[in-house]
Structure formats: C-alpha cells, structure tokens
Amino acid sequence: MKLFKMRGGVHPEARKADSSERPIRILPLPPLLHVPLQQHIGAPAKPVVRVGDKVLAGQLVGVGQGHVSAPVHAPTSGTVVAIGDHPAPHPSGLSAATVTIAPDGEGRWFEYEVPADPFALAPDDIAARAGAAGIVGLGGAAFPSSVKLDASRQSGVDTLVINGGECEPYLTCDDRIMRERASEIVTGIRLIQHAVGATRALVGIEDNKPEALAAMRAAAAATDVQIRAVPAMYPMGWEKQMIHALLGREVPAEGRSADIGVLVHNVATAWAVQQAVCQGRPLVSRIVTVSGGAVVAPCNLEVPIGAPVQALFDVCGGFRTTPARLVLGGPMMGQQIARTSVPVVKGTSGVLALTQAEIGLTRPAPCIRCSTCVRACPVGLLPLEIAARVRSDDLAGAVALGLKDCIGCGSCSYVCPSGIPLVHFFNYAKGDLAAQARSKAKQETTRKLAAERSARIERIAREREEAAAARKAAKAAKEAAARAAATTEAAA
Amino acid sequence: MIAALTSLTVLGTSLGLILGLAARFFKVEGNPLVEEIEALLPGTQCGQCGYPGCTGAAQALANGNAPLTLCPPGGRAVVAALAARLGMEADLSGVEDAGPRIAEVREELCIGCTRCYKVCPTDAVLGAAKHIHAVFSEACTACGSCVDVCPTEAILLRPLAPTLQSWGWGKPGLQPLAIAQGMAA
Amino acid sequence: MKLDALRARLAYQTVLLGCVVLLTSAALALASRATEADIEAAAMRDLRQSLAQVLPGEYDNDLLTDTLRLDVDEGPTVYRARRAGRVEAVVFQTVARGYAGPVVCIMGVARDGQLLGVRVLSHKETPGLGDKIEPAKDTWIHEFEGKSLGSPTADKWAVKKDGGAFDQFAGATITPRAVVRAVKGGLELFARERSRMLGEMEEGKT
Amino acid sequence: MTTIAHSPHARAANSVSRIMATVMLALVPVTLFGFWLNGWPAVYLWTVSLAAALVGEAAALKFQRRAVKPALLDGSGVLTAWLLALSLPPWAPWWIAVVGSLFAVVIAKQVFGGLGQNVFNPAMAARVMLLISFPLEMTIWVPPMSQPGLLDSLAVTFGGGQLDAVSSASLLGHVKTEFSRGLGLEQALAGHYAPLEALWGRRSGSLGETSALLIFIGGVFLLARRTITWHAPVAMLAGVALPALLMNLVAPEHYADPVYHLLSGGVMLAAFFIVTDPVTSPNTALGQLLFGLGCGLLTYVIRTWGSYPEGVAFAVMLMNAATPLIDRNIKPRIYGRTRQGAPLMTRHAKKDAA
Amino acid sequence: MSYARIAKDGLWDNNVVFSQMLALCPLLAVTGSATNGLGMGLATTAVLLASNTLISAVRHLVSTEVRIPVYIVLIATLVTLVDMGLNAWAHELYKVLGLFIALIVVNCAILGRAESFASKSPVLHAAADGLMMGLGFTFALVVIGGVREILGAGTLFANAHLLLGQGFAFLELTVIPEYRGYLLMILPPGGFLAVGFLLAGKRMLDRRLAARRITAALSLAPSP
Amino acid sequence: MSEYLLMLLGTALVNNVVLVKFLGLCPFMGVSRKMGGALGMGMATTFVLTLATAATWMLEHWMLAPLGIEYLRILAFILVIAAVVQFTEMAIRKTSPALYQVLGIYLPLITTNCAVLGVAILNVQEQHAFVESLLYGFGSALGFTLVLLLFTGLRERLALAQVSEAMAGAPIGFVTAGLLALAFMGFAGLA
C-alpha cells in the first residue's frame, strides 16, 4: 500500500494516554442545558419553541434557515426555560442566542420514522435525513453535512475518505469511538458512500492508535471499506493532508476536495449519520475528551449538547491545581475560554485544563529568521514573512504571500523558538480583511443607494420643472384662448 | 568661435524642434486616474472631506493635493485601497476608525420634521412627515449628516456592538485581548 | 496673455532653445578666450613643480620644451635639464606593479647615473599600509636619493626581507619591493640609453 | 479581566538562548585548541571581545530605551563577539577586539534594531571593517606554539608593541605575497603547507582557521542537534571546491587544489558557523543552497584573482546583501498552487478549458 | 515668503542634504576632509546663487516642453564658467575639487531649486533661496567632512591654506594628537555611515527642539 | 571578447558607479524603497545611460574635438542628455502607457542623475573607443542597477524591521549603504 510523502508538520507531545484507556462514560444530566442556535458554519437556526414549552429528546427546537444552515434539537426531554443570550463557547466571551432547557430527567425520545432497510433509501433521502438530524462535521469545522453530501453527489465524487487522524494532542474522542462503536461507524461510512455514490471508501487512522485500527479493521472486514494506517504527525487530520497521504492527490487552492473527486468526513460524523438514518436519532450529544494536566481523571464523556463545561470537569474529579488555561478543542487549534459556564456544542471535541508547564514559553522574543516555521508549515507558507508584514500593517503584502492559504494549524507558532504568536497575527489579519470586505460590500450598497437617490431627486426636480412648464403652457394657452375669445367677442 | 556658436546653435535649435514636435505628437489627453480613484471612494457625496463630493475629492487626490486619509466615512479600508492604487505609503495611525457605527433616532425626541430624511445621502432614514423616523441599518454609512440637521438632537451615532460574526482577534502585542466588558462571570 | 499664445507655438520651442544655446555658448566662448592662457600656464606650472621635486638644483633651460621620446617599446617621455647647454640630468616616468595596481613614479637621474630623487605620482596602495611611499606620510621614498646602480651593488637592490638594502614596511612588503624593482629598472634603462637620453649622439655629431 | 491567548496552547521546548548556547558549545573545542596553540594573548583577546560586546550592547539598548536584560541574556551578542574573536589574529592588540566588537554589536546589529533585524552578518562586517581600517594589525600572525608567559602576554595584548620579532604569515597571506613576487604555486607552498597539518591545525592563523577538523566536529554536532541544516554548509564547501578543482585541472602550477582551499582560511568556520547564521541567510532550503554556493564562489574568486588573500568575510557580506533578493524570488510552493502562485487546475476547470 | 523663512529653510528645516536628500554624490565624494567640503560648498553656493537668479529672471519666457533643457543649459554654462575661472585663477583648489566641479551641473539640488523655487519666485527671493540653500549645503559638507576628518585622521581643516590662502592656516587643527587614524571613515563606507548617523542626530535634535517648544508654549499659556 | 567581458565586470563590480565612484546616489537613495520602482529606475537608467554614452561619444568625436571646442563639452553633453531623457519620456508615455507606469516618473529624475554625465565625461577622459564607450556606459548602468536592486531588497527588509525611531528610514539606509560599500571593497584588485 502506497502512502505519499508529506512536507511540513510537527510532532508535538501526544499526551493521549491520559484519556485513551478509559471507556466512554455518559455525562449525568446537568440541571440546565444551554443549546445555542448556531453551532455550525452558516446562518443561525430560528427557534420554533417558546418559553414554557415542554420538549422531548430529539425534538426540533430551531430550524435552519437558508441554504447553509442546520437545525437544532433538544438534547433531552424537559422544559424550555429561556430563549435569549447566553455566553457562547467562543474566545470573545460574547453571548449568542441560546435555548435553555431544564431537563425533566426522563429522557423521553421524540419518535422519528426509521427505515427498514436504510440502504434502500434514495441517496438524496440519506442526505436529507442527515440534514434534518442537524448533523454537522464533527471534525472541527462544523460545516452542515447535508450541504456537503448534496454538493458532492451533484459534482460526482469517486472516493470517500473518512478522517480518523485525530492528530491534535490530548484528544482521544475519535480513538475511543472507533474502538467502541466501530460497526456503527462502518455502517455510517457505507451510508455516506451510498449517499454520494463514491466507488470506494478509505479510512485513514494515525499509526499511534493500534487498538482503533484493529477494531475498525475487524468491523470493516466483511465490507469493502478499506482501513489505512497513516504516519502520526500533526496536522495529519487536516483533510487535504489526509487526502494527500492516502491518495497522493492535491486539492487546488481556493477549491474544495470535491474538485478532485473526494469527500472527507470525520469518523464521528459517520457514526452520527448512522444514528440519524438507522435509529432516527438527531445529533443531540457527542463524545468529548476531558483532559489536561490540571484534570484529576481525564477521560472521554458522551455529553448532551448544551451541558456547561463545568459539569464535565466535575465528573472527571475536578482540578488537581488551578488550571492556567481552559481550552475548547485541542491545544493546537482549540480556543481558550474564560469561563466554565459556556456550553458544549456539536463542534466541541475536547475540553482541556492546562497547566503553565504544558503551555510553555509565552514571552515573545524577536524573530531570528531561523525558518523553523517555514519548515513546519504544511501549506508551504513563509510564516515569518507574513507575520512581519501583518505587524507593519501591510495586509496586501501578507495576502500576496499567501495569508489566505493559511489553515491556522499553529504548527509554526508551536515550533517558533522566539515564541512569536504567528497564528494570532494571521487570524488578526484575516479578521481585519473580513471586516474590510464587509465594509466594502456595504460601500457598494451605499453607492447604489446614493445613486438611486440622486436619480430620484433629479427626476423629481425634472418632473417639477415639467409640471411647471406644463402649467405655464396651459396657463398661456388659457390666456391665449381667453384673449382669442375676447377678440372674437370684441369682433362679434 | 564662429564654429562653436553655429554648431551649438544648430544643435540647440534642432533639439528644441524635436522636443516641440514630440510634445505635439505624443500629446496625452485626460487623466484616467481620477475615474479610477473615484471608483474607490464611497460615493456618498457627503462632502465631509471638504471637497464638493467624491469627484472633487478624487481630483484632489489625483493631483496629489489631498491626503489619503481625507474621507472619514471610508475609514481604513478606503485609505488602504487608495494607498495601493497610488503606490503611496499610508499613515494609518492618523485615521480614526471608531469602528462601525450607526445612526439611531431617539423616539422620545423625534418630532417628525423629516429634515434627516431629506439629507440622508443613502435614503437610510425611513418615515414620513409628522411621524417618528427610524434608521435602516443596512444603508446607514454613519456619515452624520442627519445628526447635524436634527433640530432636537434626536439622532446620535452609536457604535455597533461586536457580534460573534464581526468580532476579530486584536493585533498581538498591542492590545492584549480582553474579555468584552461586563461579561466577567 | 500674448506670451502664452506664443509659447504654445512650435517655432517658439525651437527658437527659445536655439537662442539660449547661442547666448550661452557665446558666453563660454568669450570666457574660454579670457582664461585660456592662464589655464595653460597653470598646467605647465603643475608639471614643472613635480619635475622640480626630483631635480634639486638650478638648471637654465625649460624642461618642458626639451623632451625626448625614446623609441623603445612604451618608452617614456624624457625631460632633460641642462646647464650651459649640457644635459646634466633627466627625468622620466616608471611604473611599478604594486599591491593593488600600478604605482606611477617619476625619477630624476643625474648625468653620472646617480638618483636625484624619486616621487610617486599616483598609486592605489592600501592607505596606512602601502601608502608610506608618499613623502607626506613617510620618509621612505627619500632613501633612493644618491643611490645608483653600483651603490648599493646590484644584488642589494631589493628590500631587506629579500636580503637587500632598502627598508620595507611592517606587514607590507609588496609595495616597497615593487617600487625598488621599478626604480632599478629605470636606472638600467638609463644605463642602456644613456647616450641618447643625454643627447650625446647629437653632441657627438656637432 | 482575563486576557485570552490565541492558539496554539503548547510550545516546543526550545528558545533563542538555547540555540545560541548550543552553537557556543560547538565552538568550545576549536576555541580551546586555539588557546593552546596561541597562548595567553589569545585568551585575553577572546575575553576582551566578549566583554566589549556585552558592554556595547547594553549601552546601545539603554540609549534606545529598550529592555537590556532579555536582549543580553539571549546570548546572540556573545556569540557574535565569539565568532569575531575566532577570526582575529590571536595576538592583535586589545583595542582591535574592542573596536571590532563594538562595531559588530552596535553598528551592524543594534542600530538595525537588534537581534534578528540586521541584514549583514555582524561578525563579518566587523572583521571586514577591521581589515580595511587596520590592515597592519590585521595581517600580523604568529607562528604556532610561540607562547609567552602570562605577563609577557599582557604586554602583547595590552602593551602594544614588538610583534615584528615573531611575526609570521597566515597561509593565504603568504601565498598571495609569494605570488606577487612572481613565484609559482609549488615554491610558495613548499615548507608552508601540508594537508594533514592543516586538518588538525598546527599552523599560523586566527583561532577559527587553524583546526579544520575541530570545526568540522562542531559543525556535525550542530547538524545532529538540528540547530543548522546541511544546505548552506555543503553548498559553501562545494562553491569553493568546484572552481578550485576546475582551475587546478586546467593549470595546476597556478591554482591550488581543492583540499588546500577547503582547509585554509575561514572556509570551514564560515561553512558551519557563519553562512548558517539564521538572521542573515535566506529562509528556504533552496535559498540557502544558493546562498552557500554564492559565498563559496565569491570566496574563491576573491582569493584567486582579487587583492585580498582571503575573501570569506567579503563573500558573506556580499551574499548577505543578496539575501533579500533570494528570499523574494525563492519561496516554497504553496499547497494547491503552482510555483507561480496560481491555483492548480481542477478536473472541472480542465474540462471547461477543453 | 519672508527672508527669515527662506534662510531657515535653506540652512536647517529644508536643508538640501539633511531634509531633501539631494546632492549626495558631491556630499560623499568630497567630504574626506572639512577643507574639501568647504571648497565644494562654496563653489556650489556660487552656482546656486547665480542659477536661481538667472532662472527666476527668465522664467516667464520658458515653455514647459523645453523647460528642463533650458534650465540645465543655463546651469551648465554657469558651472563651466566657474570651472574655467577656478582652473585659471585658483588652480590648487581646482585640483582638489576635480571632476566634481563638472558634476555641479547635475547636482540634483541645483536643478531641483530651479524647478521648485526659482521658476516660481521673484528674482530677489530666488537669489536669497539660492544663497541659503548653498550655505546650508556648505554647512552640511563641512560638518560631515569635519566628522570624517576628525575620526579618520585626527585633524580638522588640514590643508586649509591651500584652499583659502596662508591667512587661514590657523584653522588647521590636530584634534587627536598621536592618532593612528581610522581609515574606515575616510573610505567610501565611512562617508555613508557618517551621513547616516548625522541624519539620525539631526532627527533627534529636531524632536528635542519641538518638545522644548511645546513645553515652552504650555508654560506660557495661562494656567486654568 | 574576454577583454570586453572583463571591462564589463570591472565597471559593474570593481569600480561600481554608486559605491566606489559616488555617482548617481540621489536616485540610489530616493528610489530604493520599493522593488517595482527600483527595477523601473534601473531599466530606465540602463537605457538612457547606454544611449547617452553613444550620443556623447559621437558628439565629442565628430563635433567638439574636430572643431576644437572642448570647453563646450559639459554644455553640449548635458543638452543632449536632457533631450534624450525628455524625448524618451514623451515617447514612452504615448506609445506604452503600461511601460510608462513603470518607468515614467523616474525618467525626468535621470537628467539629474549625475552618473549619466559623469560616465560620459569619464569616457572622454579615459579615451575609450566607441565600442569600449558603449560597454563602459552599459557596464556602469548594470552596476548601478545591480546595487540598486540589492539595496532595495535590503531596504524592503529593513522597512519591516524594528529599527529605532531616530534611525528608521533614511539614516538606516545610509548605514546599510555603508556596509554594502564595505562589502564591495572585497572586489578590489579584480579586473
């Protein structure tokens, strides 16, 4: 079996053993669940329940609006106690529209129709069911899966790649789900393959997860789903890296994997598709890794969406020491949060409580142009040059060097001996560019409005003038007529 | 002496002739730059720059008589675009980017005089005579014209609060990022 | 304004530039007339001064007009100094290959083959190292005065490092070595062409 | 208010000072060997260089109102002075070291904004400056193992004086002198050069040009620690050796063989410690190859046809000047793009085009 | 524009070298010593004064198409006149300043002043501007020459008598006795370094002066 | 042939117009902030300098020398150079707006680039034949372009560096030029 050589990448300390050896536990229901209406890329969902409504587990509480969006469901049965702003799991600390549910503890499920033979369903029906179940990519980007499935089917993909890379340190949720729920995942994979009409399905798993590899191989033995080991390195889980490692194909810049006939989904997404199609269960919970040096007993939990992060730490025995940093996701790309009251959402793969020793050096020194970052970048960028331009506000220069191709993987910052927050520079610049684009779009609108207004004012003025002229003419005509009448009269 | 004078004079005369002819022959009309620059300006003709609308501003810029930072509604984006087009280095430090703002009508003060409705260059003020006016946020450029004409000071320019969509990371090393105020749990 | 209309005319450019050039070149021509003689005199003075440095003593002819060009290859121009019609000394140029390029020297040789003086006209040696050949920086160049081919003997016409009689500079042997060799070459040239340089053939004829 | 840090929330265990310390460690063997070979004056000179660099750097930082301590502690100034000291004639007077170190850390480095901001290699800039300003002091060498006592050594370094008595020439200087006397290569080298001796280092020269072997060992250590990559060193050695081989084949009586060129002068030190300076060299592998090659070629050209006996420092500075141009034009290919930066053709686009 | 303003511009605020960054070639080439700088400066001042006056006088006659040739021909004539005069009557100085007399023609500053000031100003203003710009340039040359000479050779105004006559021999100073010389400063690189550091020095001085002016203004303002 | 090559190298590197001869410094300092501009200036100078050396050579040998009016040399040379420059500018502006964008604004600056006149005069002084003159002019222009490009690269990098306020911009530019001149001294003795 051929694997293709990759460039760039780093080898951070994995720290996975802390949590990978404990089976997945179910998180006890917390007193309140805060379910944000936007947990995905795209437009937020619109609430369809009111305060005081009783809801069942899996019942729709928000419908997606527009093309790229996803619905939101109640994680358990209970009462809607509030619809309003609640702190979002986001580094800004800002709030977002959230439906708060008080569980009744009964866990009664809303009944969805379950097909007898899921593989008999039409491909677009599978995508529709995944969409109705609110499934978004669980690999991190949280992109609505039905959109991806539909688009892939229409553009025609030949290969389905299932991403079991899980290259982020600490995180083991994909590892555990592959060990414990391999057959469901394989079914999910086959469903997705069926939904997009792919001729083959490959699962790429990093070779540092032998148990997961074994479990998946066993589950896939009777099917034509192929399980492949890929070398462990960060960011092997980046879909383009995974595609390159498995297939040797390169996705064009500014394009998507579908452009080269590949669809990529995460293993947990495949499991969620199986749940939705075969069990009629919408996406209302996910596996979350709780880990970090400050946590007493790291482990993986199955968590209802909306559970506050604090509840997860509590189940894991609380903190050993005061954590220096709380992080949602992995240490390489995850986001720091300031409070433990924020909820777990569909895209939350892990919650980490890190100590200062784990975070490492923070005080930045000047760049010594050692080009370690250049060697680490999997995209082939020059992080030091881009950052220098961003620092001196030369955004155009940064873009010319490929700022927009940066995937924000953090490899460069990780290896930089000077501790320069390179990715921070890039994301600051990307935010600034986005703001500029927004204001430009707005400028276009205003320009149009201003033009319309001046046209209108001109028209009104013209009409007024014309009216005046007409009046004058009429008056003149009348007078003339009057005069004529007078003369005729006089003549008469 | 004679040779010197004649030869140099002939040289000078012929070069003068050539240059004169060349100037005539190679004459270039108009300045396409002005139009290009005008396309970069917001086009609201609000006059805050001190020129009679964006065309005047564009002309001044093309002649190099105006700073890149002349247009307040354009903010940093316009400065950057102008700098790129004119190949100049923009000094962004002087540009006050108060962040996105929007006009807001305080209903308790509005008397429905329609003056703001008449001046708004983008038709962002809605309402009719004797009725309370409101601002259509998508169209408001925060130019402030309405603020100036309102007889009861009912219109204010209010900063737009950041949302999850508009929020962005601050520049590292300059402003250590802080949690939005009033949210500390 | 009338001038404006005029300025736009094609002929105007032509006439303007022509006039300006005419006037300016006339001015220069006049100035050149006025200064010509002085400039020439100044140039003569320059040359005479440098010749005088290697020709101590009084001579009664004008060296600048009493020259001879040897027809040996690349032969230098020889300036002759006479007293009472007899050539008492000659001055000519010699070029050494120094550390960083040619070192151009002039040397004055008396009738009897004794060196009257050597001066460096131009060189590219390293300042602070090789430039001690300039009399302004060091007295080394005066070492040559009074020397001749016989004294010191031919094998001593070298720097001390090479077993000769002349000093070198600490850390810079190349420059003095080259100058010594060039001066020796000049003396040898004089010895070979002595009679022609001194104009003895002509004298003999008369 | 809690400040929120951007990802990543982990860092590799490395730092600037650790890198600098590694390089210094690699320099220890050759430095100690040089001390042994040249005696106490070399020790004094080395000490004065380092001290002057520290003082100069601190003063420059103070003057610019910048933080002094972190900049001094990163070790880059010390390393610069160390490399400069390795390139000086070991018995040079103390003020040579002072002027050189100050020029290196103040003018060639701090004036540009300090560590990482300079465009020319500070040690090499200082070495070139010293050579053209004080050619006398910079071209006087001593025979190996002429070791004065502790006190006499003080007189050598601090007293200023009677060096002529012991002066000798470095190999390259000697050969250049002999050439200018019109001697052939063979005569010039006779009794002055034996490859084996050049390799282990018992000969005249600066601390950093005597033992090619110990420098090589230090370089291999740095390679093993991944402090440097192989590209620039190998390219530099090739840049010297290839033209030397070619010219030696064409006219062996005039042009020395590659081994002579590799083992003499500053080539070894430069290849492993100087062209690898991260700050002033290109930041891609291909760029570093070009940079090293350029340094090697220029070194050979200046040595062979120029007026200076050794060209390493000039060559490094010239290539430093070309580094921004190299970096501008040689960039890694971005994933999903052609070398020119256009997106790769997709299946669909290809179909459309067809 | 007042004459005081013109003087201040020429000497400091808008100094040819320190602010406009023009006339750099003669600046670097002849500032190996203060004396050479002084000579070059004075020659340039003479040309600047004459050219500004002349060009201002004929400015109404000149049309845009041949503007630059006409100006530069006038300047060239003046320079040639100076060249001839020096060669004939001040030959020693002529030898020192050599090629650079000819290059006064293209000394960018002269055409620069012609274009930006003389061609738009009345004759007297233009003359004053020429004089002040010239003196400012001379000042810069002497300062840079002085710095390079002191650091490079330890002397100041060496050989001034060749330039100004024996009466000025008293200017010749040995600043650092027994100095062995710092060649760098006399060689080309030293010229660049000296100009760079002097520019930075002027900038710091200007900033300090501005700060002092502000504090002075504040202390004058009536306290609330 | 190799003689000509050596001459080209000699003028471009060893006796570099900017760093060794001190000619053309104003554009060297003024147009070295952005690579595009520097490239334009380099190309424009190369074009004009080569053309001007040819024109002035003819002027010298066919007019000034035969008539014995060498004292009008500066006048005649500068006149021709100015005319060449201005003509080139007008022609490019009309015929190729794109090229004008690149070169246009730099062309007038060349009239006052003393390298052009300086090289023309040096050519006369060194009594070069026609082809040598052309090579000398072209080599000098190459040398000018080379150091201008190197220097621009360095300055672009310095624009991103954290140079202290007092040194930023022109002062650090001069210091860099000084170190560059130091480096070029290494070419001494070649050719």
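Per-chain numbering from 1; labels A, B, C, D, E and F assigned in written order.
Basically, contacts are C-beta pairs under 8 Å (C-beta built on N, C-alpha and C of every residue); 3 or more make two chains touch, one makes a residue touch a chain.
As the structure is a computational prediction, the values presented were derived from the model and not from experiment.
Counting only chains that touch, the fewest steps needed to get from chain D to chain E is 1. Each chain's centre was taken as the mean of its CA atoms, and the one lying most distant from chain C is A. Across the two candidate interfaces, B-E and E-F, the one carrying more C-beta contacts is E-F.
Using the mean of the Cα atoms as each chain's centre, the chain most removed from chain F is A. A separation of 44 Å divides the Cα centre of chain C from that of chain D. With centres taken as mean Cα positions, chain F sits 33 Å from chain D. Averaged Cα coordinates give chain B a centre that lies 40 Å from the centre of chain F.
In whole angstrom, the spacing between the mean C-alpha positions of chain A and chain C is 86. Annotation for chain C: residues touching 2 or more other chains are 12-13, 16-17, 20-21, 24-25, 28-29, 32, 100, 128.
Of all residues in chain F, those that touch two or more other chains are 69, 71-72, 75, 79, 83, 86, 162, 167, 172, 175, 179, 182, 185, 188-189. With touch defined as above, residues shared between interfaces to two or more other chains in chain E number as follows: 65-66, 69, 73, 76-77, 80, 84, 183-184, 187, 189, 193. Within the complex, the chain E residues that touch chain F are 21-25, 27-29, 68-69, 72-73, 76-77, 79-80, 83-84, 99, 102-103, 105-108, 111-112, 184, 187-193, 195-197, 199-200, 203-204, 207. Across the complex, chain C is touched by residues 1, 4-5, 8-9, 11-13, 15-17, 19-21, 23-24 of chain B. Residue ranges of chain D in contact with chain E, taken from their complex: 107, 129, 132-134. Of all the residues in chain C, the ones that touch chain B in their complex are 10-18, 20-22, 25-26, 28-29, 33.
Residue ranges on chain E touching chain C, taken from their complex, read 60-63, 65-66, 69-70, 73-74, 76-77, 80-81, 84-85, 87-89, 91, 94-95, 181, 183, 186-187.
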